[in-house]
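Chain IDs A, B, C and D follow the sequence of writing; residue 1 opens each chain.
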Amino acid sequence: MSNLIGNRFRVLVFGQSHAPSIGAVIEGLPAGFAPDWDAVSAFMARRAPGGSALSTARREADAPEILSGLNERGETCGAPLAMRIVNGDARSRDYEKLRDVPRPGHADYPAGVKFAGHNDIRGGGQFSGRLTAPLCFAGALAMQLLAREGVRVRAHIAQIENVFDAPMDFAKPNLDAIAAEGLPVVDSAAGARMENAILQAKAEGDSVGGVIECFTAGLPAGLGEPMFDGVENRLARALWGIPAVRGVEFGAGFAAAGMRGSAHNDAYRVEDGRVVTQTNRHGGILGGITTGMPIIVRAAIKPTPSIAKTQESVSLSRNENETLTVDGRHDPCIVPRAVPCVEAVVAMALYDLLLERS
Amino acid sequence: MSNLIGNRFRVLVFGQSHAPSIGAVIEGLPAGFAPDWDAVSAFMARRAPGGSALSTARREADAPEILSGLNERGETCGAPLAMRIVNGDARSRDYEKLRDVPRPGHADYPAGVKFAGHNDIRGGGQFSGRLTAPLCFAGALAMQLLAREGVRVRAHIAQIENVFDAPMDFAKPNLDAIAAEGLPVVDSAAGARMENAILQAKAEGDSVGGVIECFTAGLPAGLGEPMFDGVENRLARALWGIPAVRGVEFGAGFAAAGMRGSAHNDAYRVEDGRVVTQTNRHGGILGGITTGMPIIVRAAIKPTPSIAKTQESVSLSRNENETLTVDGRHDPCIVPRAVPCVEAVVAMALYDLLLERS
Amino acid sequence: MSNLIGNRFRVLVFGQSHAPSIGAVIEGLPAGFAPDWDAVSAFMARRAPGGSALSTARREADAPEILSGLNERGETCGAPLAMRIVNGDARSRDYEKLRDVPRPGHADYPAGVKFAGHNDIRGGGQFSGRLTAPLCFAGALAMQLLAREGVRVRAHIAQIENVFDAPMDFAKPNLDAIAAEGLPVVDSAAGARMENAILQAKAEGDSVGGVIECFTAGLPAGLGEPMFDGVENRLARALWGIPAVRGVEFGAGFAAAGMRGSAHNDAYRVEDGRVVTQTNRHGGILGGITTGMPIIVRAAIKPTPSIAKTQESVSLSRNENETLTVDGRHDPCIVPRAVPCVEAVVAMALYDLLLERS
Amino acid sequence: MSNLIGNRFRVLVFGQSHAPSIGAVIEGLPAGFAPDWDAVSAFMARRAPGGSALSTARREADAPEILSGLNERGETCGAPLAMRIVNGDARSRDYEKLRDVPRPGHADYPAGVKFAGHNDIRGGGQFSGRLTAPLCFAGALAMQLLAREGVRVRAHIAQIENVFDAPMDFAKPNLDAIAAEGLPVVDSAAGARMENAILQAKAEGDSVGGVIECFTAGLPAGLGEPMFDGVENRLARALWGIPAVRGVEFGAGFAAAGMRGSAHNDAYRVEDGRVVTQTNRHGGILGGITTGMPIIVRAAIKPTPSIAKTQESVSLSRNENETLTVDGRHDPCIVPRAVPCVEAVVAMALYDLLLERS
């Protein structure tokens, strides 16, 4: 099922931007779990738009409505937990035009080919970033279940356009150093420059991309299955479920390509009676299996394709060149809102791995 | 099944470096297909070691033996095609030592934790790069089936350590410009510098990493499924089945993070009656679906962790620090041999996508 | 996903009897399909209770509400079709007692063990027959899509307690001979005796079981995959998704065990230029693959476990024997309402097979 | 993968009757398991032909050769366990004739349609009962792993043609009462009559079918997943992987259709401090979940379709009626050899369920 992810903790996402609802169905929650709904709401609020000048003006209550999966005491009961979010505040526009003149950088054209013109073009349909709201719901539950096992997941914005956050210590990252308010960065001055970069792009009718770097803490060694079900395989498959991701790397990542083995290998040592590596260029994963060191994964986020500037496109009906000006409400940069999405899918994948531990 | 990949064209890989055999079982081959076995051998020979000073001295005939799946005329018959490669030329060594003192950068330690010390430590066991031989077998078949549909897959070495091949045109890559002999590069002078970098590292008892960039030609628009089964999700999951991959990116990849939307979006235009993009920073995929432009995917390969230099490790039995000197035959750089592996898994994933087309 | 079935046409069911909603998410519908919603409602009405003295007094509107999956023209758009049915008319009762004293023949006890007492005990929770309503929704869509391919699915009640319907011709079943009104039988006199058997059991505070026999028409030869994905494997897995099924057989079924090969084999012959079998004891399937003859599958339905008579059970809290009298509204026989459920899951499985045809 | 079964204990079967090999690849074995290979051979010998006048004269050594999955100490190492059996003693015959004139009751015709005439017709190809040898290998391993958990699986022949074994006590079956030598029956006199029925059919160039009834002991309550992954769904899917199965039923099975609820429900009681049912018409499963009572499952096996008598068929090339006389070596009754196959797939499915227990 292409909208489904996970082996033991399984999440199916449904919906389109302007359908009556979006939602998720979750299998594999342990029975007897009473979620902290306030924490779920707080987590989802980090993704929700409308909070600042940095994001779209569209306001979504995004209040999840539970359809099934709880018993009369409000605990998970072993049945799938289904939820939906009612889509409101959707503006009707001239969608027929978008069917004819696809937006550069969007799924309009390939989806139109794939679905022979029957795809839901309204607000991006099933390709909308709005579909990450149910992912955040599921991720918020996974985080609570991971917390029971002493596992944390936290991401910061490592880069916006050409502004970089301060580097974090790979071997001993301080997750609490990431700002809980405003942009999630370690270096508040860098955060201020990132905001400026976003506002500058917005002012020019343009958009910017960035990089999100995610860390774990407390994950045991020995998780992950060989070859195609290793930790990287799963995290990568999950991360590419977030629209706009263009690259994924672990530990030293692409920088490893330029290194010597002697500079890249992480030496082992015994520390407080535990086996650790002195450095963490391997990003917590060797052979697809966790080493007990923090997982470090980065995702490159492309600049939002919806920009105010006039762009070159084609008219599919006339099979000739055409220009396009996209109006509507759009984020000049989705990186800040994508941070909880990255945390969510990483948490989902890790909780799934924990459940698979034999 | 963690050693299995594919929805319609399914490949299961088995074996360990020093087990009696390694092999693969393939489901989803069309019945009546008579493979060109010479082409399969030629493709597999590109991955096989022993060919030059650039790779390990271990020699493997790597001759695939068909166990099942063909009818009396040598055509696929609808039953799974099973094959094996008999492991020969395996040297016995002191494996107990490796169980105790794990090699930095290898799966020894996390696999030992995962399998409670029962993992096959000989030659890296199931984590050995040798497991990519059956992948190349399956990929060679996928390539022949793709060729029937007019689809090609070809990769070059984009980088070795700090040497870069000439850039290729993303919108109109010339796959035939990649050298068929020697290192697969576009710029032979760069290739010579790459060889020098490898030999230099080897001379110093060290190793180097690199980047492989893969292109497709002839792939139609409209392939790929939404959210978690998009083209990137699948290619990434497949690519991380190759040991030593540390990053995967599509099109502009991580560079997109530093760009404005207006610079990153690829404008559409009509060319020879067909809708194309003028540039190809999107790497042939939007919303997880092919646009009909060439797919461009890059994989970062870490430097081989097995180096001759003495390294710091630990003794697990004594729970104290220990030094380790790894002998044996090792590649100073696996990037050249990984090129056909990348082509193979990309071909497998794309043929799978073609079969899924509804 | 245990609530999910199908390879290409995939249906996920969620909900509990007294949860806010029950529903389904469907992947694999062809884009551009505009369902006949009246036909869907008519099909679902055949399963709905409240229609006669033969079934429970609980009334359910069972009106499906579409959550996602349609474009602005009401056609399927390639995104998952999600639907829900709001649960109404649920009576609150003393569920704590049922947690303690499990009903014989129900899932109360094993589910309580499995979910450590957190299972939703209200109205049978996720084990309720009510979950077949979304299955009928999905099946109704599958039937419309099968009809496009000239395929029909129709079942009759072959047996209620000790009353048998007239046998149908396996080689050339007349699906139109099955009554569209009242009990779905071929022999109306047998139907009347079945009604009597049900009413007699009801009057005695008891229940009765039966057998449902399902036929296809128009299905081509060559569908089904070898070994574990043959037509029987899939139909059986699907049919056991309907609560109360205790046996499944194809063609001659268990009667084949008492036959000689010469009496059981179906001879081939050419008829109107087509290869057919003269008889159809094989039930349209050989080696897991369709032969082009009608599929014949029978499902045994156990008598409803909820009966008014006092029964022997145990108190789990006191770990001692206890008697139990179940009140509430219950069907004295669920066989008539299970007929569309059997048709639904058979249709779902067959449409899935058609989509898999390479 | 259609030749693959299992969620956590996964078995993939490959091969054709006259291919170089048949075999299996198994994932999910716990690391560090040292199989008792003599017990595996003894179990497989129960399925092997050549032992008596009751079965085919084809002799197969059926010695399994391990290809991978063990470490240097002969223990499972976490990698897939791959094995093969070399096919020997295969007689070449005029297969082209069988491609043209399909055998009644065999997969020849539908497989020919499905694979457009490319199917392996030799010895039944992938549809041969010979493919159950790797299943028995996997089942033998599952049985050893189940034994560690105190779980046993044992089947007897309940019926051959019109001869029935003595009934066993469903609530407290004595598995040791089943004969270990000769036909696996409880009543040796019935066994003698079954042998006569088989020999009588053989003498007449005919064949007979039968019923196999399988019991478990020691299985805990609470195994199985809701709806489509319940114990019946899985056991049924697995059992239909054995060629010639035409029906599957649990507990009272089809007989439940003729019963009242008051006669069918199994009352609970406390016995020796444990909750049990007094009778076991439910066959150890309610709502798809084990109750802790013995599982009782029966499979109907059709009479071998290969009979010496001349039969009516068609010539596909001439599209006209034709007669067919099948020579070769065939079992007059495969039921005795199918008994270990039933035990094997039941053991595989149950061990899988045990591993899934959360």
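Heads up, the rule we're going with is that contacts are C-beta pairs under 8 Å (C-beta built on N, C-alpha and C of every residue); 3 or more make two chains touch, one makes a residue touch a chain.
Model, not experiment: these values are computed from the prediction.
Trainee: From chain B, which chain is the farthest off, judged by mean CA positions?
Mentor: The most remote chain is C.
Trainee: In whole angstrom, what separates the CA-based centres of chain C and chain D?
Mentor: Computed value for the inter-centroid distance: 26 Å.
Trainee: Based only on mean CA positions, could you tell me how far chain A sits from chain C in angstrom?
Mentor: Each chain reduced to its C-alpha mean, chain A and chain C end up 39 Å apart.
Trainee: I'd like the Å distance between the centres of chain A and chain D, where a centre is the mean of that chain's Cα atoms.
Mentor: For chain A versus chain D, the centre distance works out to 46 Å.
Trainee: Listing for chain C: what residues touch at least two other chains?
Mentor: Answer for chain C, listing residues that touch two or more other chains: 2-4, 78-79, 111, 114, 126, 226.
Trainee: Based on which chains touch which, is the overall arrangement a line, ring, star, complete graph, or other?
Mentor: Topology of touching chains reads as complete, every chain touching all others.
Trainee: Would you pull the chain B residues touching chain A in the complex into a rising list?
Mentor: 2-5, 13, 102, 104-107, 109-111, 113-114, 126-127, 131, 159, 161-162, 201, 206-211, 221-230, 232-234, 236-238, 240-241, 243, 245-254, 256-270, 273, 275, 277-278, 282-283, 285-292, 300-307, 309, 311-314, 316, 319-321
Trainee: Hey, which residues of chain C end up touching chain A in the complex?
Mentor: Interface residues on chain C, with respect to chain A: 1-4, 10, 12, 14-16, 18-23, 25, 27, 31-32, 65-72, 75-80, 82, 84, 95, 111, 114-122, 125-126.
Trainee: Spell out the part of chain A that touches chain D in their complex, as residue ranges.
Mentor: Chain A residues touching chain D: 30, 78-79, 226, 355, 358.
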